[in-house]
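A quick write-up on the structure given underneath.
Each chain carries a letter (A, B, C, D, E and F) given by its place in the written order, and its residues are counted from 1.
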């Protein structure tokens, strides 16, 4: 670049130059933000509903539960079909974040993983139907991980016991929470289902 | 100025990933499948082209002392706009690209093209340069993504193309495999180049040329 | 205390930036040709990462979040870091020329790099406290430096090897990095965070 | 007490075939090719020309710069030519060709009979210089220089190097057995010149006869005979000093820096001859041996005698020859031609059979570290060889102490990859020297 | 050369060979070393075939053939001398097989061999140039690729049969019974469960020592491996310090930190014997941490290397995701080797302080 | 609410620009350090990828090195490619040194077929190494040993070992750096002007008879060329023809010397002809 003109080096000019650039950037971003924000929010909600819908296809709406973080009630025709809770559990490598759906009579419907860092092909088998379907319809008394097939229990994945245990623990925890909530009222239990203490999101 | 040449140089001869060795992070991080690779490639293509246009358009009013901050600001603005848009309209891709999306800002190739090319050329060639580099980048990403996905997962764009007889070595889609695959791709490129060079040298010798 | 220690070790070794998270690769491959350069670079990275993650934390938590400007995070972080590093470089060059020669020249190189921007973004994503983000940054930087120095020493050793012509240079560096990453897999699952 | 060094190797010593062979006298060759370059330093300058008549012991070449050594005619006859002929160390080098007249007549004024005890140190150094004495342990360093250390270097110990650690060679051993008195006398002379009170004779314990003989001769003479473990390179002077005095000569320094002087037994015999009888160094004991030599011998050979004559004296060869080595098999120089001649540093000529020549291919270093374990100079021979291979000769010198290597060859001896480590090291040294010269003379 | 007129009448040799000094050499060579190491591994290899039956033999042959063929192919392609006969590729193959479970699907050993020879060894230039232990790279490669297969261990036949003869009778049997390795059980179910599975502590030690447990081929015959290793020590092919330090470090740290009572760490209650005899530590310490190509040059450096291997092994075993850790610890220390070599080298001659005996 | 946030964003950005603009301009004024202006010039032309690919920790560092250190070549920047190298060379004046008018010339014709070897050399494949072993295996002690030390040392790929065992110079690539001259243990390579007419392809100062014994292609010092040259441009020194190229270039248009030379060691200076080349007699 040929800008070696020394008169050009005044503090004012430099500052102005940068400020103008920042101003333009601010305007552009501000405008785009203004026009996309609502759509994005909508999308976010939609995404969440989609995953919840996958778990409880029959539900018409998902109502956030008062005073609880990321708890939802799946309703249809004013009837509670299920409770959906966001659970987080330490897995083989990192935390597994998943939605767990539980019927009002405290049986598992299923779970859907939102994010995880388990090994592909090993740990993530636990999120595939073959393993996940074991939970369907089971209650808290069945939430026990075994390594050899046993009636009514959860059979661990060979080579991924840790992940299996994490998933089982998360589901069990949700069952406990829901149980407490239903039997003792809204004040009981955590505000969120997290077995690890972790700072909550904004 | 030959615009076609400006465009094609980025494809192979000055491929940003394999030849210039710039922007290596996305080349590894988001190439475990073709879909993500393509998404990232197109994002970068978009950003680099826009930024080249912006920089070349404003090149005469930007003070040299604040050049780098201003360029970065321009890139960041474009990226932010892209992010906001993706979030609103392609949320799935937005989530897949994860932390790498904001990091597009610092992919060396974008700043490098701004400095090397856009800052010295007018708008049209800069745009072509950006497109070429972006396409080259995308080609690189997709190549890596395809190889990794096919070998490491037996699939292509998510479709299982190798039968169930194929037991993919998972490592190819994990970190170490990514490094190794890229290493071999560049190796094969070098090999081709060397073959060509050897051939031309031999031809030279046969023609009673300089050696 | 243990928590911070584990966070540090996790960032430095178990979830090593270069080898498991693929950040900062341009520097990693660019600078590791030379052992001494890589030691200086390691120092530069550690200090810049830590300082910039401290600054960005403050900006995020006292300006951006209160005003609801989370979407400006990227642009603000990157500009702040770039300018901060530029200023730091000038100051060191002016007032500590000897320090500048061993260390300062690496500063500008890292200013606009994934790893420097990546850590503040990760901190912000994980919503770390100030201390935690500082520890995380320190660990990440240290991890980067460790990987860089190890890798540089390996590459210097490779200069004496008989690497096939077409693999010489960047390709073998990648393959070597792959093997290093394979070795680092040994730490996987050690500290889940 | 047996003294040892750390590191080193144990090659088979192969000394059986010659160690009981008396030193024979070689028949007078018809032509002698006396090289004017027989010591470390500048070549000497011939002072005779073609056609001149010379007598045995007559000066035929003079030191060029006063630091080298003069060369003397080994026999009487006529100078036919001064030309380039094969030299066992330098390829081709100027030689004074003398056609023998068969009379072997001494020049006048030599063969005196004087006692060293009446001469002063300075006189004796002059005599040693004039008679062209160089170190006969292999390095051919001018002895008069070694015996005139700078004023600030105080030498307090003389070590006689009688280790003869090289396999095959027995010339020093035979010298000790047959010229024991001369060796002791030489030792006493050098001790007087250097003004030292303490002398040691270091002998490896595979030569018990020499040890007992020397012990007997040294009685009451302030000279102590030290038995050394048989281990190559025990005879290297730094190792000798380490084993006997437990002192280490620092890198780049000389024995005199730790107050020592080391002399080979052959050199001492030559010193005694020069000082007492005024005989210049014109002949030496040479071991001619090897599996393909019909009758291995120790022989008193004149400087300038072609190797062919020596082998002829041994009755020729049996079987095909692979290599001819001047010196021992560990440090000797392989010869391209049998036309090379005996020089002052020729302690032996070893012939190695065709099938003994080790032609296993060199492989990459497998980093086994054996070379490091045996290197008595505590270097990293493998690293040096690799640096040399990759052309980083300067790094070898600045970072890996290239110049400390004494080229003993232990590293090659043990290297399972058969790396030519010594050759690589010598290449580095040579290239660095070339570079230094180029810089000194200004680049072209 | 001009011929000199001399009186000599001997026949001059045709053309002499010229090389630099020295002109003699001892009898060692790379080929000899490699084949002898192969030999010392042979008893343990044979035992593993007895123990796990034909599947073990097949795994072994696949690894060896795969390594050798890969080396030959690459060298042929690169137009350099094919050096399969030097035994180093065979050794890599054999050692690789010793790290794999018996009867694993055929492609796993093949891919592992290609990774070992093709990626770890020949991208760097072949024997002597590689920085990582090829066998371990091969193993780590398939470990990450086929984690399920790689953690499905064959169970000892000798352990399952009442007696040795019973096991011999079943050698030709193709079936593999799978189960957990001792360290796997330890990691998953705790120490007590492990001891119980053997029926007592001394029974466990005995089984481990003789090789009567499940695991990879080379994990199960401690005594034969130790014997083989001793031969190498005596032949000076390896330095005794390396296995001693590595095993010692593992023993010390597992003793201190390895014990849990009711799930809580109690110092000095670990079981070092268990850790020494299982998880491939013996073969790692004697045959792999001693691979000269990938370890430091000097003895001091090697001791440091061995210590590092031991430490990382314990870290991985006690806190990591893998039940054993020898493979990764050696790979990680391989990566540290150039640094060790940079800072640990012999003190140069003459640097000792001068003795003050001068008057 | 949304609008408010958007306005905040603009304001924040303006603030950012103001503050940092001020900082930078302030720093620029107070803390700027004087440096060689060429460093900046070089830095300007470099791509600023800050990739470190040149082996220096960044573009600026390379710029500094290439300006201040004469040994640093101007072509290390891979992203910049040739164009940048060209510009860097212009600014630093480096090409000028490299484009010196002289190029290397190998003074030996002793190819495998023509010159005998007296021993079997089994050492390190390097001319210096061979030379320290009693002068190596080549009969002629002046001749090229053919182990290619010069080829290895040439950084510009200008020397190639011909199949006949004598290195050949590629004049287009040779920069006349003289590295090969320094390293040849036999002093066979010299630097000459590229335009010279005849070259003496031998370095032997042995007598004719000895030369003949070792090599069919060597200069035997017969003096035919010297006698035939009408301008006295050739003298015989120690049995070797020495040509004064300046006289040739100035006066001669018809080099008869080459026709007269019995061993054809005197050949036209057509660069790149492989040793063993036969002079075509019809047209000189």
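Some observations on this one:
Here is the rule we use: contacts are C-beta pairs under 8 Å (C-beta built on N, C-alpha and C of every residue); 3 or more make two chains touch, one makes a residue touch a chain.
Being a predicted model, the structure only gives us computed values, none of them experimental.
Touching chain E and chain F at once are the following chains: A, B, C, D.
Between chain B and chain C, the least number of touching-chain steps is 1. Between A-E and D-F, more C-beta contact pairs join the chains of D-F.
Summarising the inter-chain layout, the chain whose CA centre lies farthest from the centre of chain A is D.
Chain C and chain D have CA centres that are 60 Å apart.
Chain B and chain E have CA centres that are 42 Å apart. Averaging C-alpha coordinates per chain places the centre of chain D 47 Å away from that of chain E.
Multi-chain contact residues of chain A (touching two or more other chains): 1, 9, 13-14, 17-18, 21-22, 25, 29, 33, 37, 92-93, 119, 121-122, 162. Chain F has residues 5, 9, 12-13, 16, 20-21, 24-25, 28, 50-51, 53, 118-119, 122-124, 129, 132-134, 136-137 in contact with two or more other chains.
Each of residues 1-2, 16-20, 119, 123, 125-126, 129, 141, 144, 147, 321 in chain E touches at least two other chains.
Viewed as a network of touching protein chains, the structure does not reduce to a path, ring, star or complete graph.
Pairwise, the chains that make contact are A-B, A-C, A-E, A-F, B-C, B-E, B-F, C-D, C-E, C-F, D-E, D-F, E-F. If you check the complex, the residues on chain C that touch chain D are 159-160, 162. Contact residues of chain D toward chain F in the complex are 84, 86-92, 333-337, 340, 359, 388-389, 391, 420, 423-424, 426-427, 430-431, 434-435, 438, 443-444.
Against chain C, the residues of chain A that register as touching in their complex are 22, 25, 29, 33, 90-95, 162, 199-202. Residue ranges of chain B in contact with chain C, taken from their complex: 21-25, 27-29, 68-69, 72-73, 76-77, 79-80, 83-84, 99, 102-103, 105-108, 111, 171, 174-180, 182-184, 186-188, 190-191, 194. If you check the complex, the residues on chain E that touch chain C are 78, 119-120, 122-126, 129-132, 137, 140-141, 143-144, 312, 315-316, 319-322, 325, 327-329, 331-332, 334-339, 341-342.
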